[in-house]
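These notes open a run of structures that come right after.
Here chain A shows up in two complexes: once beside chain B, once beside chain C.
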Partner chain A sequence: MTGGGVKPWALHLALIAVLLTAQFWLSPYHATNLARIMVLAVFAMGYNLAFGYTGLLSLGHALLLAAGMYAAGLPAQLWGWGAGPAFIAGVAGGGLMAAALGLLALRTAGVSFMIVTLMFAQAGYLTLLYFAPVTGGDDGFAVAAASRRLLGFDLSTDTPRFLAALLIFAAGLLISLALIRSPFGRTMVAMRENEERSRMLGYNPFTVKLAALTISGLYSGAAGAAYALLFGYVGASFATIQYSILPMLYVLLGGAGTTLGPFLGALVMFTLIEVATGLTSAYLFFVGAALVALVLFAPKGILGTIRERWVRWLP
Partner chain B sequence: MTNLLHPSRRGLLMAGGAGLLTAALPGHVAAQGAPIKIGFQLHRTGIGAAYGRWYERTAQAALKAINDGGGIAGRPVELLFEDDATDPKRGSEVVDKLTQSDGCDLVMGTLFSHVVMGSAPRAGELKVPYLVCSEGYHVASGALNRWTLQPGITDVRAQISTMAPWVAANLGKKVTMVFPDYAFGHDHRDFFTTAIQAQGGEVIAQIAVPPTETSFTRYFPQIPTETEVLYHVMVGPAVLTFVKELGEFYGTGAKPALFGFIDSLEAVDTATPGLEFLEGSHFWEAHPRVKPADAGEHEAAYRAAVGVDDNGASVSDAADVSTYSHMFSTWETLYFIKQSMEAAGYTGPADRQKLVEAMEAISDLPYGIERPQGAKRFNGKTHQVFGSQNISQVQGGKLVKVHTTTIEEGVYEDAVDYTTMSF
Partner chain C sequence: MAALIETRGLTLHFGGLKAVDGVDFALQSGEIHALIGPNGAGKTTFVSLLSGRRMAQSGTILLDGEDITRLPAHARVRKGIAYTFQITSIFPRLTVFDNVALAVQSQGARDLLDRTRAALARVGLEGLEAQEAQALSYGHQRLLELAMGLALNPRVLILDEPTQGLAASEIDSFIRLVESLVPETTVLLIEHNMEVVMDLATRITVLNFGQVLASGTPSEIRADPAVQEAYLGA
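Now for the complex of A and B:
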């Protein structure tokens, strides 16, 4: 996993370079969609660090996405914060929520962990509805134009939005690569592979998993904040179970435990829906068929399968 | 051998037949030129699917009527439907797709408020007119932008406020409200509480039910015994359980008068087993589902065009009950688009700003086949339309209209002036 020398870095930087040029050769419509995909991929990267690398199968990541979204959106809405401080608040909000969730939920493992995280996410969703006068409830609210400006750039316009999404994506991607190649990254994988053996070697599984989940929360918070500021909407629907399952699907499709898998999964799923809706109103059938095919023919996801069969150095 | 000078017998017959067919259709005016494309953000899947199915049918019927009448400014009209899964994130992507990829002139049709809230910012960024059919107070409250308008259906604030005088005068003044604990229920709680106070009545208990609740028996003991009117607006599949359990709670003993919003029972047959407890209770309806005896002259033509019988069900399947009190909004919105495009001299996307200004200039919208629900008044400043409301009573398992409000009863002070905002 940590082999390959400079090849992994070159591959990741090449992807970022290709994405940078994409705004010039894609139509504005597709470029905006790519910005959406990059934001979703940041969320999926966070999920991948918890699930793909550390083995924490969470069904509560919507809570972390929403924590970032509201931590960024509410100060913007209530106090007129600009995009910069609001984004930082969003990242911190996701991280803090994940740490709080981890302190309680990591007392459990496996199926219990899934259920407990799901319960906390559901409680978070109901809390957003309960405090509707502040949060906007299920309707949510549109983020004011003044809060969608960063260093003089208007994030509601195509180029600044695309570049901001790319910047966040690139930072997230390179940090995740550095992280999983670091000693701590290997410890995360050790937790996934054999927690008891890691404990015997002197690691504290609780603190390692808590740290991994918190990092995952920082990513989720960044994605939620980015969505609020780049696309101008904050709403409780992002705290529903659907948004806990989405990053899992992206990660499973692209390849759990691969750094590029989350982006590839988000890209393929988004494109699949885009193409299928143009062909039939029963587009969800195609999505379902693709997932069944994935389980049957590539249970390790696209990049997981490629790594297993052909490109062993793929991180 | 056949050619133009020596046509075959079959060719002559076909040409003659085509000529006869054309002559037999004097009322059909063929639209010319490039089509006007209208994007329709449709709840085909997700929690809004029952509404979406009927929104699509009604819009298709209006489209046919408009095209048969010569289209818009002589140009044919196309509707492009795109499923938003009743999800705000997907909704925003759909606005993008319809506008940028499909090249639609404008986008319309959204019902659920959270999808409107999620999509309107993108419509504002793309500077594309976005005409919602949602009932939400979000447009008139000033929460959205200059490109978002609601010309085809009144909003929940007007609907609720107009019910209070009739409820206070006919059912009672001590009201207990049972509502879902999210924005839709909160709108009812806030607007009705204020409106009934203005009538000398009061809400003596507000019982908020979390949206995840599947059984309601533990809430019923909270209903004060002195309650004269029980105002309920539960929605979704839970409404059947709610009504059944309420019936079990009161049994055959004395019970308060029941008043609800038809949103609870849209696409649901009021004669469904388990709903017997609703017999004699009253509902708000925008457009009476069961054709009233005094229905307007265009009611029959509208029902025939959409494919709905006098009971509000599909003519091809009596069990397929329509969302009659909401779906007319797509019909009326399409005619509003036709009127404003023709007034603006709209030729293409470059005229979108001119189109919104033409919409804002519209005020009186008289009753006619263009507005089968009734006459309306559009407020260009708040981008919201106002109209009459109806109250129906369940009699023998059917909704029978008993009262119609005036437009003026639903009018309230402006909270925003979108015309002063920049495009």
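Now for the complex of A and C:
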């Protein structure tokens, strides 16, 4: 957890540097996909902080993604907010929703926690449909071009969009690395590993888990807001169960409890779906096959396995 | 001298089983107090009530005169009551350092590195910092458990059968270690090994069927006919 000295920082900064250059050697189409992957990876990083590090297996993170998306998209739509304030509102929306969810759902644990979070997320989705005149329901709405400008840059064009996505991704990645190497990060892992012992060391499990879930919500909110502002669309489909499962798959594939796992998982899964849909309409078959292979050969995910076998210092 | 921990009429029944039944008990500051009694006498349940792992049905618990009967376990730890588990409870997949650092940082200590190393050195686990806790031998895991308790810098350290499963040589150094803790830390010890009890304890309380059978110095306890009948003589 604390080992490795400066190597983890160097590795993370190197990844960010490589991604910065990617816009020059990738086609615009692939660069836009990479921007999308980076935003989804921010969502998965948030999921990883709750699930991978603190041991909170949530099935309701779509609610937090949608909270950020609508908290950013609705003020832009209704009152013409600019991208900066809308993004901040989105981050706050995700965090507040997570705190409210946690206050109720963290009275449960394990399977009950999964069911309760799933239930709240479904209630959130139905609420979005119910208020369709405002939220646009399943059809959603397009974010006005005027709200997609930041400091004079048009976020709907390739380079500003890519750089904005990279900026949010880099901030999320470095903050998560700093967090898990901090004393609080150690406390989160302690909660995952042995809650009763943590309690008898003076930690209140409820407040630790509530804090972790809220941080997870801030990440999810940032991802939802970024998606709305960079790709210009807000819709209730992002509140469906599918978007609660996706970050879990990314994290499991990349490696739960590894800082780079969420990005790697999002990258591999996105690419796999992209290639598979080009071949067949039954692309979910490939996703399923990949997951079966994962469970059989690398149950700790790609980076979890690499850490266990070869690179012990990997955070 | 005022008692550091005092209980009055402390009671917890499991259905018809009177695990702890109206226990009046006083732990004096700076002593090593042993809690003995036959299996099922309610020793572990009693210290669970003290540490807050279980809540009493009736009676009161005072810490330095303050009523802590309804306080949750984590809050009692912060007030200075540390509990080490009968069945070793560590963080097996974390390093030895992280296990102890978790105890140190819960006190809000600044000098995390120094205090963690000091606690490890005190139990003789220095040099094993980077090991995963699950890779330690059983005896070392018991010592790690103790180091976590010490790192909490407690006023009262509750040791639940600390020598269980230790080799004879390990028990000797354990006894010396516990002796070095008082009088800064007050020790409440559940122990089956009578040699350890007689060697260490300044006072002994005997529990039987959830009630206090006798309480006194080791020689008083040895001479007590009721204790001999219920326990020692058996």
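In this text, the second predicted complex is superposed on the first by the 315 of 315 C-alpha atoms of A that agree within 3 Å, B and C clash if a C-alpha of one lies under 4 Å from a C-alpha of the other, contacts with A are read in each partner's own complex, and residues count from 1 in each chain.
The definition used in the following text is that contacts are C-beta pairs under 8 Å (C-beta built on N, C-alpha and C of every residue); 3 or more make two chains touch, one makes a residue touch a chain.
Since this is a predicted model, take the numbers as computed values, not measurements.
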Problem - Contacts of A:153 with chain B and chain C, given as first, second, both or neither - result: neither
Practice task
Mind working out whether A:197 is in touch with chain B, chain C, both or neither, as first, second, both or neither?
Solution key: second
Practice task
Report for A:189: first if it touches chain B alone, second if chain C alone, otherwise both or neither.
Solution key: second
Problem - Partner chain in contact with A:9 - chain B first, chain C second, else both or neither - result: neither
Handout entry: First (chain B), second (chain C), both or neither touched by A:142
Key = first
Exercise for the section: In the overlay, work out which of chain B or chain C sits against more residues of chain A. Expected result: B
Exercise for the section: May I ask you to decide whether A:29 touches chain B, chain C, both, or neither, giving the answer as first, second, both or neither? Expected result: first
Exercise for the section: State whether A:284 touches chain B only (first), chain C only (second), both chains, or neither. Expected result: first
Fill in the blank from the handout: Note: in the complex, chain B contacts chain A through residues 44-45, 81-83, 87-89, 92-93, 96-97, 100-101, 113-114, 117-118, 120-122, 125, 136, 138, 143-145, 181-184, 186, 210-212
Problem - Residues of chain A defined as touching chain C within the complex - result: 1-3, 183, 186-187, 189-190, 193-194, 196-205
Fill in the blank from the handout: The residues of chain C that touch chain A in their complex are 51, 53, 72-75, 77-78, 82-83, 85, 89-95, 97-98, 101-103, 105-107, 112, 130, 148, 152
Completion exercise
Listed in rising order, chain A residues that touch chain B in their complex are 27-29, 32-33, 36, 122, 126, 129-130, 132, 136-143, 156-157, 227, 231-233, 235-238, 242, 274, 277, 281, 283-284
